[in-house]
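I've put the structures underneath this note.
Next come two complexes, and both contain chain A; in the first it sits with chain B, in the second with chain C.
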Partner chain A sequence: MSDVTEKSTLDERPAVQTAPAKSTSGLRMDIRLTILIGVLVALCVVGYALNPAFLGETNISIMLRLAAAIGVVSVGMTFVIISGGIDLSVGSMVALSSVWMTTLATQEYGPWVMVLCALLVGLGAGLINGVLIAYGKVVPFIATLAMYASARGLAERLSERQTQVVREQGFSDFFRGDLIGIPVLIWMLAVVFAVGWVLLNRTTFGRRTFAIGGNAEAARLAGINVKLHTAMVYGLAGLLCGVAAIMVVARTTSGASTNGMFYELDAIAAVVIGGTLLSGGRGTLIGTLIGVLIFTVVNSIFTQNNLETDIQNIAKGVIIVGAVLLQTLTSRRAKT
Partner chain B sequence: MDPSLARRRFLLGAGALGASAFAVACTSNESGGDTPQQVAQGGEDNAQPGKQVTIGFSAPAGDHGWIAAITKNAKAQADAFKDVTFKPTEGTNDVNQQISQVESLVNENVDVLVILPFDGKALTATAQEVMDKDIPVINLDRIFDTPTAYRTWIGGDNYRMGYNAGLYIAEQMKAKSVSNPIIGEVAGIDSLPLTQERSKGFKDALAKSGFSVGPRVAAEFTVETGEKQTANLLQGASKLDALWNHDDDQGVGVMAAIDAAGRSEFLMVGGAGSRNMMDYIKADNKVIKATVLYSPSMASSAISLARLLGQSKGVADLAEHEIPASITTYSAVVTKENVDQYMDIGFES
Partner chain C sequence: MSEPTDEVLLTMSGIVKTFPGVRALDGVDLEVRAGEVHCLLGQNGAGKSTLIKVLSGAHQPDEGHIIWRGRPTTLNSPVAALRIGIATMYQELDLVDGLSVAENIFLGHEPATFGFSNRRAARNQTRELMRRLGHPEIPPGREVALLSAAGQQLVSMARALAHDARLIIMDEPTAALAADEVDNLFRVVEDLTNDGVAVVYISHRLEEIRRIGDRVTVLKDGRTVATNLPADTPTGDLVNLMSGRMVETVFPLREVSTVDEGNEVLRVEGLSRKGEFENVSFSVHAGEIVGLAGLVGAGRSEVLETVYGARKSDAGSVWVNGKRMRPGSVTSAVAAGVGLAPEERKSQGLLLDQSVANNVTLASLPEYSTFGFTDRSKELKDSRATLERLDMRPADPRRLVRTFSGGNQQKAVVARWLVRDCKVLLLDEPTRGVDVGARAELYRLIHELAAAGVAVVLVSSEVPEVLGLSDRVLVMREGRLLTEAAAKDLTEASILDMVMEGSEVVV
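Up next is the complex of A and B:
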């Protein structure tokens, strides 16, 4: 019984007191993180045991470049979920941005306009989500479901379902290249995570995101412009989809309406196993990063050892449930 | 004879015939012809075991019969050679993922790569990088954006597939002396270039006999859409003389719609060459009387070619010392008369 009362007091903690109070939940966060890191390390050991090349520099680079786009999308998803929402449209926004930035008309203006175009299209689509949700009072699930369908539809229309090849050599040279010996894509992932972490943990923007997710009404009473902030959070998620689109286009040197299929599911899975509450108000970006890495490592183990994808999908499901169960069990134990 | 070996021999032969790139004059010993002496023979005996070759393989997810058969055939072919180590990756419809798979295979030091890309354009840059590392890439069917991204391309001939279907139907119409036949067409996804080529070939061949395509619908290569679209087509056309369906995988749905409508006044031609359509053709108790090949046996040929590339051999019976850069398989028309000959390449859909 004490468990129940403790939980309810926790959930009703003052919304304005935002970043999780260190005394109560700091320890639990650490246990969650330790478990996650443990799982990741264990998977790496398995991968190494099966094939020593697994931890080689090349394979690590292969894994991180594969993780890059979905990692960036997951950062935006973490913000959205912490704020108490959900975004089902991320994959479609990636597709739309990738198509829009690679139309012949856009390519004419050169690589940097292509980049700008992807960012603006992502931001725009995200803001439409945000405005519908915040000001139109459409439930996030429905608003982003509508964007999920229509953004991909628009992408198909713009590209006429064709794959649009990047003819702009400067774009490919830069984004497919290295910077100080490390692929640009990995730099982008690192920078997005670093900026995201600072934004979430060290700025008012981040504190307000936690506050709204914890208790939107309390946040409003505390003087936060909840509507504006919500719209901005979805805008951020969209903007990061634009970044992910740049990464996908760099990898495939083309834009297509089929890009970003199922990114929403992968991103939500990574965020959730990273320990972010689907009901909002609590979560970490480090957890999300590890969540993304866990899936990438599993993927790589399966590829290297040629295990069938159907088993891989089952494994994915088991990992999601296992990670969440483990976290709930240990956090309960930590409390009692 | 081992069926896969027979298939390989047959295919290499058929592939060679289809390739327009090389105009090699008679190299076999029987045909004397103009050349009194054999110029060269590229491959000696290709079946002889040679140096061990590791072949990496990457294809899209086996979500329909044709693609599933591609992967199955590649594996079976590789298993038939003692000097081949086969490293497949599981199929994926995510290009990002397929790029990683290709990179992983390169990291595992394969000698030759066989790639059927989910999207040829999206994999071009990656394949080019592999080629730049001096690892030959065999591009299967869905072609890369630049020819330098593959060492050899082997794939089907969409235009000729439609063309041969059209010729067969025209011939049948004339044999039955139907003067103004109503000829229907169930296409695949219309926005894809492959569908456009097939339809153009079909139209061109019919035009040679003064015929044209009547009712036409486009399905999406799935059983469900095949059924739905064909039901629509039959609804609109109370009488048909002939029908060409582009794809035997969707053909299961096409046949279901025809059965449901209780129609049998026309003859139907399929496309690709699935096992169940061949069974129907052989039994001769359904509307389907023929199918034009677009056979996944090209995957078997691709593995054979990859092995030869890895062993630096040419194709036996060709004068070329090198494997050709491009091979187009031939879309033969399979009918009741010759179906037994093609049963081995019929794929499960």
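Up next is the complex of A and C:
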């Protein structure tokens, strides 16, 4: 019914109407982004007011390094959610990759084999998710829930629940170091975001991801190999978990089966706050980045001022609900 | 056959219902007596479904009166209709699969004591209802999903009876049933009418109407053209009443036939899919428009989707330009130059929340990219050119598809195949939900494509449309190809006659 009304109003428009430069969704996205950035800035101001050291170079560097791993995981999660899926196993894949790359056997081969190991383990686990979902027709929630449990289980078994310290000095030297005055971890986050943005917005891979999430049936009937693409999207998410594992291992100089705890929840929260639709087909990586930063800033404010973590969690919950309400409100306004 | 009484149960007079741009009902009169089976006949778009929706309370009429058992009545909602005793059995059964028979029957009005549902009472009443329907063997605790189509229909009917319905609307109740199940259904209908319950029965199958109907009302163009006809009115008379619809759109004349007889582009040989259609063979030449006529459920869309590879054939083959297509592979069909504008434009065709350009290039992404990077300027340029060619307004490729009217959305689907020079275009109900103006443009476009050498296969439930556009018409009924004939040798009435009776007409 509403479609019909919409149609009739459109038809009354003059035929030579000049097209608006921006699509309505672009505008709506912009409003939401502006609000998100406003929230981020406001939080920084609060942090600064409570403690001027908040905006000091040291604290910013600490914050960004803490945000790096979860940021990389959130990039993968953004792809998965835009494609209409969900990945609950990212934290466990980070744990498994971090343990596998730090076993004594792996460390013997030197830093680059450790890196390669993390990437392959992440990619492999992600592809298992993807194949189960795309070809085995297991719903994403269940397939990745199974991976969530078993990947961490395997990590515990491999490490015998011990923290595995990095003995390979070359690894620590490089990944804990700086590059042109900026920590390598922050570079990695920046590169992953930049590459992710190009992949999502400028390539056929990204276009297909949006198409599948927007309408999988229409994508299939347009000749897109939906199954293969779905498997690849989960593979990408897994690969990025491998990257995140390298970053976590570098920061803590150890691999442990407890790494990446609750990453799945933080990543999903960041993606949703960033304005990506949980039902798929619409979303931005910029939004995800801001979502990650908002959480990082909140964390930092709480730890700097020695506030209880329980209040911190309440604040997180309020932010998630607030962001989603904002999303429904802005989209409702745009429809009327 | 039951003996209808003279008690008038329901009188509808002068019912008008308009939707923006469409006058779906334009003065319908209907009188239903207690204990009769009253049949509604009419072509697609004649207004049958809208009338049912008015009667079941889903739509409110703009004008007209409804008198129910002697009292003027308004039906504000389906619940209100149910409360006074009008129940509807929809074509798509509206049962909850995971619940039991009893739970479905009493959904929303569970027998309860102090808020606790009284499961035993529900079960006993269910057993009672099933006995009344002649099927005591269906256990009240059985999960509905485990029942056959006929069993589910009985549950649906029991639900109507549980509401003490005096009038039951049945919309194509036999569509999903096997022959013996149909007999069962008719026996139940007879029992019901003997108890004084009235049935409004909608079916395209004239032989069914003959068997159980008492009186017939014929709708055309949203109006009652004949009412209270006896059920044994000759087929010819009924078909004549239904046909000759006012066609608001003038079909563009094709001065010259563009059919290139020597150039067979699409050949379908013995295509079958179990339970959907059997042994379908036809061919389409370059520049030819072939129409597939038939009732909804005759298997036309299924044939089209199987030719396209969206469904996998059980037997038979599809050839495009002499090359055999891999069954069940859309990718190979698209690569060979086949395009499909699917039946459900919104759910199967479009990315509603994305730009027109994204939708237009969806099937040609490799052509619009270098090393995987999309060429956005070429994409926008080509999309804009195509939109202008299709006279889409506004011709802005960056606008979201959702913001366009139905006709323009359909054009966006067709544009997807125009940017890649397709050889075979399969159009499934291309004008459904499209306003009159855009229809004419789509017709013109289809002719233009044929003139450019595209082989077009058109499925439409509107018989005048198939006749007006096609060079050749294939008539389908119940999964089989009945007849193939040049469009000029057929009339609306002869096609209707075939799809409804299944009689082979010598042309």
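As a convention for this text, the second predicted complex is superposed on the first by the 312 of 336 C-alpha atoms of A that agree within 3 Å, B and C clash if a C-alpha of one lies under 4 Å from a C-alpha of the other, contacts with A are read in each partner's own complex, and residues count from 1 in each chain.
The criterion applied here is as follows: contacts are C-beta pairs under 8 Å (C-beta built on N, C-alpha and C of every residue); 3 or more make two chains touch, one makes a residue touch a chain.
In this text, all values refer to a predicted model and were calculated from it rather than measured experimentally.
Peer 1: May I ask you to decide whether A:219 touches chain B, chain C, both, or neither, giving the answer as first, second, both or neither?
Peer 2: Second partner only.
Peer 1: A:160 contacts which: chain B (first), chain C (second), both, neither?
Peer 2: In the superposed model, A:160 contacts chain B only, not chain C.
Peer 1: With the two structures laid over each other on chain A, which partner does A:308 touch: chain B (first), chain C (second), both, or neither?
Peer 2: Touch partner of A:308: chain B, not chain C.
Peer 1: Take the contacts of chain A with chain B and those with chain C, and give the residues found in both.
Peer 2: On chain A, the chain B and chain C contacts do not overlap at all.
Peer 1: Using the touch definition up top, name the residues of chain A that touch chain C in the complex.
Peer 2: Within the complex, chain A contacts chain C at residues 1, 3-8, 10-11, 13, 15, 17-20, 22-26, 202-208, 210-211, 214-215, 217-225, 281-282.
Peer 1: Using the touch definition up top, name the residues of chain B that touch chain A in the complex.
Peer 2: Interface residues on the chain B side: 61, 87-97, 99-101, 103-104, 107-108, 119-126, 145, 189, 191-192.
Peer 1: Please output the residues of chain C touching chain A within their complex, sorted ascending.
Peer 2: 19-21, 308, 310, 330-331, 333-335, 340, 342, 347-355, 358, 362-363, 365-366, 368-369, 372-374, 376, 393-396, 398-400, 403-406, 416, 435, 437
Peer 1: Please give the residue numbers of chain A that touch chain B in the complex, ascending.
Peer 2: 53, 56, 58-59, 62-63, 65-66, 69, 160-163, 165, 172, 176, 248, 251-254, 256, 258-259, 261-262, 299-300, 302-304, 306-309, 312
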